[in-house]
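In the two assemblies presented below, subunit A is common to both, partnered first by subunit B and then by subunit C.
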Partner chain A sequence: MTVLNKARISTGAPAVPARRRKPISARAYKVFRVVALVVVVLFLIAPLFWMLLASFKTNVDIYDAGKSFLFSPTVENYANVLQRNNYFVFITNSFSVAFVSTALSLVLGVPAAYAMSRFTMHRSALVVLMARVIPGVSLLVPWYYVFSNLKMVGGFEALILSHMFVALPLIVYIMMSYFDSLPLELEESAQVDGLTPIGAFRRITLPLSVAGMATAGILSFIFSWNNFMFALVLSGSKTKTLPVAIFDFVSYASIDWGGLMAAATVVTIPIMIIALFTQKYIVSGMTAGATKG
Partner chain B sequence: MKRRSIVKYAAVAAVLSLGLTACGGSGGGETKASGTVRVTLANHVWTEGIKASIPEFEKATGLKVELTQLGEDQLSDQYNVKLNAGTDEIDVMMYRPLQEGKAFAKNGYLADLTSKVSQDAGWDWKDYQDGPVKASTVDGKVVGVPIITEREVLYYRKDLLKAAGLAVPKTMNELQAAAKTIAATSPDTAGFVARTNKSAAVTQFSSFLYSFGGDFVDGSGKSAVGSDAAKKAYAFYGGLIKNFGPKNVSTDMSWPEAMAVFTQGKAAFYTEADSLYKNATDPAKSKVADNVGFAALPAGPAGSKPYNIASWGLAVNKASSNQDNAWKFIQWATSKERTLAAQKAGVPGARSSVWADPAGTSTYPKDLAEAIASSAKAGVGHDRPEVITVGKAREIVGTPIVSTITGADASAAADKASSDFQKFLDSEKK
Partner chain C sequence: MSVQTAPRSASSRRSDRTTGARENFSGWANRHRKWLFAAPAMIFVGVLIVFPLAWTVYLSLTDSHGSVRAASEFVGLQNYATVLSDTDRFWPAVTRTLSFTGVALACEILLGLGVALLLWRPFRGERWVRVAILLPLVATPVAVGMMWRLILDPNIGLVNQLLGLVGIPPQPWLSGQDTALGTTIFMDVWQWTPMVVLILLAGLTSLSDEPDEAARMDGANAFQRFFYVTLPLMMPTMIVAVLLRGIDALKTFDILYATKGKGGGSFHEVETLNVYAYGLSFDYNQYGLSSAVLILFFMIIIGTMWLLTMRKKAASK
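Let's turn to the complex of A and B:
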């Protein structure tokens, strides 16, 4: 109770004078903004930075607090990851699964979203959303059962299908709100000019939706790249993806922290680069529908 | 024009999906042939040795081995999904007899190997130590062959003991006194370190429990973690860490963290599984590699009673349609020669004959080999409660460890844990 009261006081107290106070000067605001940004960035970057440093350390040095920042760097961990453990295979696997599942989901999802948006098919939209709401874990056993009876476990198709199951609803929902925001009049005037409804979709709406599709595609790509659970059960030794392969550095009586961190860096960097160059789309995807009634 | 373009798109989509099915088609199909044994193993030094020699097995038998290798927890997750779905795509499985053996056996995942192990006199099931055999036997049926064993031993720093003029402790009281001396004389070094995470610490606490005369469950199947012996053991283990352990000790240390404290030179004594010894003696991982000594667990009021258990075993999936070949693989992988080779690579096995063979301990530090030999004789065959839902039981009986480390009364914590544990045992019987 005392804790609660304190919390109430501490949040309540500054709020009251703040209202009376004159607007803070622009300079003070700037300083505050820089400090706040630095704090937040440090907080978010610290684990990544630690990972990067650790990937250049030997296993003895990683635990040595005295060598947190000053140490003699080694590239042995990366040699281990990329040469001996042949991570290029896993990178290729991850990339092809992410790419194909995203592409197929776009091919199926965009027209579906268009239909649902233009013909206000709320119930169908709800059913699609269900797939997104069901926790993936509860699907794993039935999926495994079905795929193993179809002799598909360990192949790329099962992985791609499972990732599509999550990517499709994501794409449908982002695209639906995107299509909702496009004025219907554009298509109507296209039809007046002689296009069929499908022609209008293809020639007018689709080109206007490239930004939306980019958003949806990137988000689904990132999901697929990071997915661990489906790949753990449905992939085989030939189709192992990066998140599963990372655990090869953890074994029962010894953990290769250096190798693990180097592998984690290898997994993180491609997706960070993609995210960096496409952040405009990612942010617009996250706020999609936020400002619309 | 317009209609043709739709057709074009449909064609592209069809080709895409067809192409997919064609290019990824290596998933199953040909593995149905009974000449292939599908083996699932955990990441382990043992596995590395086996992997390198699989070509020998394939050459000798004409069988093909398809190997899947995963981390410990990932392996466990995968078994839970796949075996639950009744898969026949796993023939041989590496599993943890004490952690999941009982649950797997009760669920009918593991084939009964009783008649198979007794058939081949040359392979010799009688050669296996009692503790590990007990661990891989459920309800009188042999369901697995132990491959890797562990005992708790005392790791210590030779240089620190020498500097302080201390002898290697033979009893728990001596250990306490020595830890106290070192903690008092060198402020940067803890006297003692061990696992502190409530679940992870249970196995290393178990040897203390037995050495104080207790156990998790008594002869009649009732909870015994509230007994006087158990209370003393909790107070002793928690007290060692609280009083002479690292400053501001975390109560979330499993072996990697506790081992790091020791290998960074920050503790004088450490009780841990012998199978981890290379982490302490390998200069690439340990700063104190040259100064690590090993001894048998110090004796408590009931003597020195470390666990001697099978941490990993090989089993055959009951749903496999390839059980005979699976057994052939196990027989080969657990033969005396293979066990000796693995043991030389630093993986303690379960065969008495290999331990008796001087070659079997030739690669071990001499004091460690002696500690293992004496531990194997007096060893107890379990290091955690022998129940079905082991994970939950460990959380319950491990809680008093954390309580005593953080300064709570061991007796009250043990009483509470005992009543919780009794409820848990009752619920499992239903």
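Let's turn to the complex of A and C:
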């Protein structure tokens, strides 16, 4: 960015005297920009903050408008969620399903993305990317039938397979655009130096792709952690993941708002912490392939 | 040339010494690495897609219901006729799906472009704004739905409290028959505008500065430069954003189920095609009908994507 700014100043050289005092419209834009950004940040953060606040309130306080911000905080809701509702089990479930399905999808997806990128297998890539387009419900009926015949409904295998179905296309998509951007010369010179093509992939390309694999892996972990529909149908009482477990706090008769908000916080906080530390990777994954023609 | 061939012959000499079987396998693997690498992933996806999809097509031609294992009769296109003449549930669901997607996308692209332009040039505190943009994006959609349920609750919700302060009467939001769909659109906009911002920002930063500079030299003002230079150059990126977001918006399920439950609420006020098909399959066990709905839904998705890809090709030219 600094390079760009320098370029602008040098091309604008004749106009330097006028630049010293910025025109009113430029100053007005600066003020407008600050105000607008503050509004945007508040709009995005305030609801999450409200959820966090409510998770520390008793249900009586939640119903009391006078205690919106001033209340005596309680951890009763969290104790309820973690102890009585066995959330540690669901946290472990969510984590293992997300972790295993991401790892397996990387093993399958990275070589596939490599082949599709290097041999420009556009039609094959399209088959894998179709998985992103298909409505999940249309897969669930046949899956449910097959998995229940194999006695796999309610087990982790079925859940992991279904989550891999979400993870794999994502990983192939991100890794393809990563391999596309990796120069071919490195592999070629490695092969000239005596490595086989697969050897060059293993020793040269893979080590250079760690950042890309991190991007793909983190995003796929997040998508799997957040996935709801597949777990809703395929998980059992022992294999329930967090997004499904949230519904324990909702019944037709009443909603335990405090417990519900604590549960929602427990689901979202781990993923948000991961996101804060891996911000760079998430942004590059979300925007992968978006800027090429 | 001689420099290049020397190491190669050295390596072949080395591999001559390894056992024949191993050499054969590695030679075979290297020759066929294209399919060796791609096949496992493709077989996995193929088995998990092609087979269920074929089955869905088959089911849509039968009267399968109750249990998939129960005997079913082949009824031809009758399910499609039933579905297409169903003005009670199917067509309203189509309208809801399309208006949900259309309105949400329009808001997300407009707001996303606005925010991306605000973030385009570097400024102090940029890091914090970026964190704020990231958080809704990664939040679990079901939890987001629950969060808005509390905030928009007609009696105890924060939004109605705040509206009360400025003298606006409480609104029903999610529990209103006419307001529910709009409210879920709002939730979708809150969660996914950040993704559009990220994509458009990546597009903006990849733009070359030269066209903008040239227009500036020619005396174009900021608005002219935006509408006649930046916006046309951003068109392909914007269509990518519409494509990626559009596919997901058409298939929205989590927040609708989390806020309104089965069947899209008691009056089906947020019942989109995905919610309708889910209910037919797993609440009513009408597999034949639901498969017909899904095939039609799938065709709508493919059709929309095809139109957008055509637009993208036209825009890139």
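Operating definition for what follows: the second predicted complex is superposed on the first by the 258 of 293 C-alpha atoms of A that agree within 3 Å, B and C clash if a C-alpha of one lies under 4 Å from a C-alpha of the other, contacts with A are read in each partner's own complex, and residues count from 1 in each chain.
In the analysis below, contacts are C-beta pairs under 8 Å (C-beta built on N, C-alpha and C of every residue); 3 or more make two chains touch, one makes a residue touch a chain.
Just so we're clear, the structure is a prediction, and the values are computed from it rather than from any experiment.
Trainee: Putting subunit B and subunit C onto subunit A via the overlay, clash or fit?
Mentor: By the criteria stated at the top, subunit C and subunit B clash after superposition.
Trainee: Using the touch definition from the top, say if A:Val233 reaches subunit B (first), subunit C (second), both or neither.
Mentor: both
Trainee: Which chain makes contact with more of the residues of subunit A, subunit B or else subunit C?
Mentor: For subunit A, the partner with the higher number of touched residues is C.
Trainee: With the two structures laid over each other on chain A, which partner does A:Ala264 touch: subunit B (first), subunit C (second), both, or neither?
Mentor: It touches subunit C, and subunit B stays clear.
Trainee: In the superposed arrangement, does A:Tyr145 touch subunit B (first), subunit C (second), both or neither?
Mentor: In the superposed model, A:Tyr145 contacts both subunit B and subunit C.
Trainee: So in the superposed three-chain picture, is A:Trp50 touching just subunit B, just subunit C, both, or none of them (first/second/both/neither)?
Mentor: second
Trainee: Once the shared chain is lined up, is A:Pro135 touching subunit B (first), subunit C (second), both, or neither of them?
Mentor: After superposing on A, A:Pro135 lies in contact with subunit C but is clear of subunit B.
Trainee: Using the touch definition from the top, say if A:Ile198 reaches subunit B (first), subunit C (second), both or neither.
Mentor: Both partners, subunit B and subunit C.
Trainee: In the overlaid three-chain picture, which partner chain does A:Val41 touch, first (subunit B) or second (subunit C), both, or neither?
Mentor: second
Trainee: Mind working out whether A:Ser181 is in touch with subunit B, subunit C, both or neither, as first, second, both or neither?
Mentor: Once the two structures are laid over each other on A, A:Ser181 reaches no partner at all.
Trainee: For A:Thr74, select first, second, both or neither according to whether it touches subunit B, subunit C, the two together, or no partner.
Mentor: In the superposition, A:Thr74 contacts neither subunit B nor subunit C.
Trainee: In the superposed model, identify the part of subunit C that clashes with subunit B, out of 76-84, 166-174 or 202-210.
Mentor: For subunit C, the listed stretch overlapping subunit B after superposition is 166-174.
Trainee: Residue overlap on subunit A between the subunit B contact set and the subunit C contact set?
Mentor: 63, 140-142, 144-145, 196, 198, 232-233, 250, 255
Trainee: Under the definition above, what is the set of subunit C residues touching subunit A in their complex?
Mentor: Per the stated touch rule, the residues are 4, 7-8, 10-11, 26, 29-30, 33-38, 40-42, 44-46, 48-49, 51-53, 55-56, 59, 68-69, 114-115, 118-119, 121-123, 128-144, 146-151, 156, 158, 161, 190, 194-195, 198-199, 201-203, 206, 209, 213, 222, 236-237, 240-241, 244, 247, 251, 253-254, 257-258, 273-274, 277-278, 281-282, 287, 290-291, 294-295, 297-298, 301-302, 305, 316.
Trainee: Within the complex, which stretch of subunit A touches subunit B?
Mentor: 58-60, 63-64, 100, 103-104, 107, 140-142, 144-145, 148, 150-158, 160, 196, 198-199, 202, 232-233, 236-239, 244, 247-248, 250-255
Trainee: Can you check the complex and tell me which residues of subunit B touch subunit A?
Mentor: 2, 5-6, 13, 16-17, 20-21, 23-29, 32, 42-45, 47, 66-74, 77-78, 81-82, 84-87, 89, 148, 256, 260, 263-264, 273, 275-276, 278-279, 283-287, 311-312
Trainee: Can you list the residues on subunit A that touch subunit C in the complex?
Mentor: 1, 4, 7-8, 11, 25, 33, 36-37, 40-41, 43-45, 47-48, 50-51, 54, 62-63, 65, 68, 108-109, 111-112, 114-116, 118-119, 121, 124, 127-128, 130-145, 161, 164-165, 168-169, 172, 192-198, 201, 222, 225-226, 228-229, 232-233, 242-243, 246, 250, 255, 257, 260-261, 263-265, 267-268, 271-272, 274-276, 279, 282-283, 286-287, 289-291, 293
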